[in-house]
Amino acid sequence: MSSTATSEKSVIRGRFHITGLKRYLLKRIAERLVLLFGILVFNFFVFQVLPTLYHINVAELYVPLSYKGLPRSELVQAIDRQFGLNLPLQERFFVYIESLLTFHLGISMHYDEPVLNLIEQRFPVTALLVIPSLLLSTVLAVVLGLYSISRQGKIGDSIVSFTAIMTYFIPSFWLGEIVLYVFGFYLNIFPTNIAEAITRNGVTLHGFAYWASLLKFLTLPILFLTVVSYGVRNILFRNNGVELMGSNFVNYLRARGISDRKIFYKHVTRNAIIPVFTRVGIDLAFLFAGVVFIEDVFNIPGLGRLLVSAAENLDIPLLEGDFYVISLFAVVILLALDLIYPLIDPRVKYE
Amino acid sequence: MNKVIKDLLSRKSFIFSIIIIGFFSILAVAAPALTTYSNPYLPSQQYVAAPYAVPSWATIFPQYKELPPDVSFTFTKYVSSDSSYVTAVNASYIKVVVPPGQTVNVSFPFKWNWSHPYDVVVSFKLLTPSTTSFVVNLYFNGLYAMELCPVPFPVEPAVSISPGKVNSVVFDSKYISPANSPFASELPLSEQPLAAYEFPSYALPKPGTYNVTVSFENTGSSKEVFVMSLPSYSSLGYVYGKLGTDDNGASVFAEFVYGARFDLYLSLLASALIIGIGLFIGLLAGYVGGFTDLSLNALTDFFLLIPGLPLLVVLISIFDVTGTIVNVNKPILILLIISLLSWPGTAKIIRGQTLSLKGRTFVEAAKALGEGNLRILFRHILPNLMGILFAQLAYDVPGVILAESGLDFLGLGITGFPTWGNMLGFATYNVSFINGFAWWWVLPPGIGIVLLSTAFYFFGSAMLDVLSPYKLRGE
Amino acid sequence: MIETQNLKVYFKSRDVVVKAVDGVNIKIKEKEIVGLVGESGSGKTTLGRTILNLQRPTAGKVLWNGKDVSKLKGKEEKEFRRQNQIIFQNPYEAVDIRMKVYDIIAEGIRVHKLAKNEKEEREMVMNALREVGLTPEEEYANSLPNQLSGGQLQRVAIARALVLDPSFIVADEPVSMLDMSIRAGILDIFQKLKEEKGKSVLMITHDISTIGYIASNIYVMYQGKVIESGPTDEVLDHPLHPYTKALISAVPLPDPSGRSTLFSTEVREEVEPYNGKGCRYYPRCPFAMNVCKEKEPELTGESNDHYVACFLY
């Protein structure tokens, strides 16, 4: 491109500076809304259309096999009437979408409690598990990544990178059980029974004491989750760093006489860490989805465990509500990420 | 081609992956030859040894040294209180003559080299006189194990035998209770329920010489003649096979081998399916472009962005509910669902590659030569995607194995026959402070998953490096 | 035989519209080598690709023997492809490196079903290899592209085009990626093509000195527009447009008393960006006048088929 054309472009860039950012944000919000709508439609398809296709009365899915000794057919009819489940599909669609959007998620007949209540109880537990481990594993990934980059190609780098790759393939439910046995049962360092952990003398703890002892119970799972989840970010950071170290960008900095130390810690690290932040955001979005195994193994009453128990008991309203909240959370976090991303990586403004 | 193979063989990671994949493939193919238990989850194939039996090679560790293996033999020697009453009929039968009012004991000695076994089974055939005036007792080292009476309804804990017939006498310590064994009924009331578990430890507590004694008591007034076969002894031990046993005494090795068979089979099929879908969508999106690309890309993003594992759980459960009526085959259902949820990554990569290939000059050159779209796709684009396809095939395998194992682990997948996932599920479910840690059961499937996944990953990386033609010159 | 009429090709990327080709009229007659000169980014490659219907024009049309090439269908389209070929700038990129040289060349024969049997196909391939000077041809036919040098690969690419016996070839900077030492050899092939086989060639280049050797007519492009055209000798000896003068003066000649001293032209540093309506060259033009800022000059005839788009004339 000749210089005239380049300058022509830069004029336009200058003029549309704000517009570019605005357009990026609008586009992203639109994309996420479409995704949300897709999830709503998908839910409708799975929980309403699919059973109908198999000629199953949807209401039957919502009633457990036995409930307080009441006759099942009556229950099914009652639910039918209450939720309009015997309406034609096209009429049900809008009712369904509305109920999801307004969080009318129904009642879990297995737990005999509104689904929303159950989710509200479990949400903080899962958050207490995943957020600390997300922070810890990011720190671990960056620290080990810095080590790898500074010893690129040497044996230390190989060992660290290999270990990180291995974490992709270690089934967390397997290693978790081993860790639980060794540290919980055998060495008896960590509490293994949540019921014991959050009660004292048979009384459930409240307030600060409750959260403190819950955190103590969660220490082992948090550490474990940290170790099994740092790998992707570590490899991402390392590869970015290694690539940057060999790039002309670094060569120019060297040519300008900037010390290797400063190049490494200031320029390389700062640039290599951007994709890691993106990755952390994505991991955060899918966190609740990813801890199903950890919660199952360590017997933590969080959203993941709730999902599994809903599946085990074929508790459809709970399954539906839990899945919806987990995917909704992902969409919301992804959107939030889109909104703050321009602050982290200025390049998107010019994209 | 030679160059490619040479290049591959020069990579350590490739050699490693070939060895591992080869090992498990052989295991999978040769499974029927390696073990006789094709489905150790069937009750008929359980209790091949005691539950939680350790692998036989583990006896090199001191804590397992004393544990007994499965033992079974037929007694050949016997000792009696008065040899004139006991004579051999032939190699396997003896005749016992009991004068009126007397008791004749026949003892069968044997040597025991271990700590106690899981159970004790003694069986023999016995031809009884046609009167009812006799009692036959079975003693195990002085433990009053069994009392046999010739009346139809003897007083418990005696067991009836038919007079004047050949009776099959079986003493099985697993089934003793106060109703059929004097040993059990003589225990304190609190210990009686545990009699079946405790008998072996009372009978064969440590290495030594023991004997089984059959005592013939004639309560009548005339001489009685008994003919009995030399008894057989058998007991399940706490040491079994290559990988011990699970909580049902089923062979862990058989489970492992058939688990490997299923996992490999399923993951390769699923990967092929994933590649199929991914290739179709990716090629279509990348080559056709425009609105097709836009809509396919949106579809891909959608599947990429809904949380995978929860969706898997939801779908499996909903199909479980509906499937009870339409009767879908579970492994096929899992195969389809995993494939349908896993193609987006592959499709994205293939789309990107197609896009980049489509923009290359040689594709334009092909167009300039007058080649049609189909010819360009099949002669230029697809062959150049081969490396990526192979690599993706290998990359997708770990994902499928992990997803399937996860489902099985949670108990939502396959439970009817062994897979590595449900082995881990059952094994870890049984890990507790009481049962201890059955490492021979917990470790192999996990190590199998890790090794196989890593091997396929490295295999894929090597393939990608070597088979991507545009990497040859370091482009 | 090939003619473009007010051809426009615009590319849109987000907010920016790039006018790669902006109203170009050129004409290539039979048995003629035409040169197309311009700096990189001037739209000459896009023009070449559009002429061969590898790129859809935004407006205007390309006529091949009077027919619009973008509307060709079926048999006619195939015939158009056979008769009009292209040689690309980067020989490494232009061949599918998985295929043997034999298959690369035979590809066209197979597509157009030019050979009755395998023997005939083989003969055609070998002939083409000999024609471009790749002997022993058997050995070259069996080699893979990554075993060949850039020059050899470019010869393969030429052979691939020649095997179809085209009447017109677009050569898109065929020598710019090659070493100086082998450039002449490749250019000779084109010279021979015209003289011995009567083929027409559109030779695209940024190096005006290359064109002097072989082209009979020459078009100079700047920012998607033809700014000067005419017979090669006429344009090289009497360049009119300041940009053409600059191009010629930039050629390093072994003889310092040669042409370069005749029109020693300096190029201004750009002082202001292009305003979107005037002459595209005025920001760099040392002779820029007020009128240059206000409207674009039309291509007007001077003398002897010599055309120029400049208000100076």
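Letters A, B and C name the chains as they come in the text, with residue numbers starting at 1 for each one.
What we mean here is this: a contact is a pair of C-beta atoms (placed from the backbone, for glycine too) under 8 Å apart; a residue touches a chain by one contact, two chains touch by 3 or more.
If you want to know which protein each chain is, UniProt gives these names: A = Binding-protein-dependent transporter; B = Oligopeptide transport system permease protein; C = ABC transporter.
Because the structure is a prediction, the values reported are computed rather than measured.
Enquirer: Can you identify the chain nearest the overall CA centroid, using each chain's own CA centroid?
Expert: A
Enquirer: For which pair of chains is the number of C-beta contacts greatest?
Expert: A-B
Enquirer: Could you work out how far the Cα centre of subunit A sits from that of subunit C, in whole Å?
Expert: From the centre of subunit A to the centre of subunit C is 55 Å.
Enquirer: Between subunit B and subunit C, what is the separation of their C-alpha centroids in Å?
Expert: Chain centroid spacing, subunit B to subunit C, equals 71 Å.
Enquirer: Centroid of subunit A to centroid of subunit B, CA atoms only: how many Å?
Expert: Comparing mean C-alpha positions, subunit B is 35 Å from subunit A.
Enquirer: Which bits of subunit B are touching subunit C when the two form their complex?
Expert: Residues in contact with subunit C: 360-362, 364-371, 375, 379-380, 383-384, 469-470, 472-473.
Enquirer: With touch defined as at the start, can you tell me which subunit C residues reach subunit B in the complex?
Expert: Contacts found on subunit C: 49, 52, 54, 77-78, 81-82, 85-86, 88, 90, 92-98, 107-108, 111-112, 146, 157, 160, 164.
Enquirer: Contact residues on subunit A for subunit B in the complex?
Expert: Residue list for subunit A touching subunit B: 31, 34-35, 38-39, 42, 46-47, 50-51, 54-56, 61, 165-166, 168-171, 173-175, 177-178, 180-181, 185-186, 286, 288-290, 292-293, 296-297, 307-308, 310-312, 314, 316, 319-320, 322-323, 326-327, 330-331, 334.
Enquirer: Tell me, which parts of subunit B touch subunit A in their complex?
Expert: These residues of subunit B touch subunit A: 298, 301-302, 305-311, 313-318, 320-322, 325-326, 398, 402, 405-406, 409-412, 424, 428, 431-433, 437, 442, 445-446, 449-450, 453-454, 457.
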